């Protein structure tokens, strides 16, 4: 699966990367990312996740070829 | 004294005219104008009066050389 | 065009409160910026093509100019006392105004948007109800009507 | 540029919800007129020179563009369901935005001004809180800060 991160998350991860580990849902993806970079734990807890331009919940089942976008809290304007 | 009228009052009086009659205050001016044109009675009751760019009350004492402006209810915009 | 004023963060933008020429909305907006103001709200009151079911050709606005200028200035000053505005300007057209043209414009700029909206609405409400400015509507059927209620 | 839409009195003004180019405020305002709309309200969210006591050089806005476009469109549609708007448009800038430049603009036009103000404030509030758009502030001392609270 492919991961795209935005805004402040780019201080913790590459903007776009392939995740090798097998993760079944958003909750496990979150744990895996915290394992990769423990200092991102706080911000990751505030993030929203989106697949195919739709927000998804923690129990969303991730397919192998999905691209998961991770959004920190937004504050445009 | 000189009288200036605005907006719909111009359908009842000249825009600007000299009033020959002696009237001592705004209330008597109002009566005199109703006497000159009884059909203006309704609208005159809703009007505000101004002298030297200030609104004045019914008991304002009019001096001989004053110019009195008469304003129908306004509704700009 | 810009002078310092009584409040440290306010600037006085010199705009004639009454104009017999078409209002330059883009030009007024260009003046109404301030490095401390993150929110700018602009209201444009425009002539509609219908009122009370009658087709409108155009309006004509008449003002007691010196009093209207004084009153609009004092309404804007009152708004500056109620809200921490960096900029507040208002201008009302007189004379013949066609459908779609701007008859009155109010611009407020301040740090926080809720105050820019509130001050803007306050200023236009008071101008419409208090300033000695009257409209005469000329309808397509040849009739006309002075005053009446606010159109917007 | 103007098409008929679901509501008899509404027009659909085609405006890209996200723009990497400077926003053309005067051009958008010129589009946002309607013969039945007596009240036009324009909000411009601009970059301030200070935030939390720090001198700001410029901002950079990043968006998830396709989702931001979809969400801004749906927020504008929700506003059209809540209020009888003749016109509602919103556009957000991305990329580097300098102090004093417009980062986001919302225009609403309708017959009665209270509805134009309310709908305008509703749209900008939801865009700021819901759309996937982030700002990064670059300060004069060389530091930067992502996100944080709304600036206005």
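Note that the chains take the letters A, B, C and D in the order they are written out, and that residue 1 is the start of every chain.
Note that in this section a contact is a pair of C-beta atoms (placed from the backbone, for glycine too) under 8 Å apart; a residue touches a chain by one contact, two chains touch by 3 or more.
As the structure is a computational prediction, the values presented were derived from the model and not from experiment.
Q: Using the contact definition given at the top, which chains are in touch with both chain A and chain C?
A: D
Q: If every chain is reduced to the average of its C-alpha atoms, which one ends up farthest from chain C?
A: A
Q: When the C-alpha atoms of chain B and chain C are each averaged to a single point, how far apart are the two points in Å?
A: The computed centroid separation for chain B versus chain C comes out at 27 Å.
Q: In angstrom, rounded to a whole number, how far apart do the mean CA points of chain A and chain B lie?
A: Centre separation, chain A to chain B: 75 Å.
Q: Taking each chain's centre as the mean of its CA atoms, how far is chain B from chain D in angstrom?
A: A distance of 49 Å separates the two centres.
Q: Identify all positions of chain C at which a residue touches two or more other chains, and write them in rising order.
A: Counting only residues that touch two or more other chains, chain C contributes 45, 124, 151-152.
Q: Considering only the defined contacts, which chain C positions touch chain D in the complex?
A: Residue positions touching the partner: 25-26, 29, 33, 35-50, 99-100, 111-114, 116-117, 120-121, 124, 151-152.
Q: Note which residues of chain A are touching chain D in the complex, please.
A: Against chain D, chain A makes touches at 6-8, 11, 48, 50, 53, 69, 71-77.
Q: Under the stated contact criterion, what part of chain D meets chain A in this complex?
A: For chain D paired with chain A, touching residues are 45, 61-64, 66-67, 70, 92, 103-104, 124, 127-136, 146-152.
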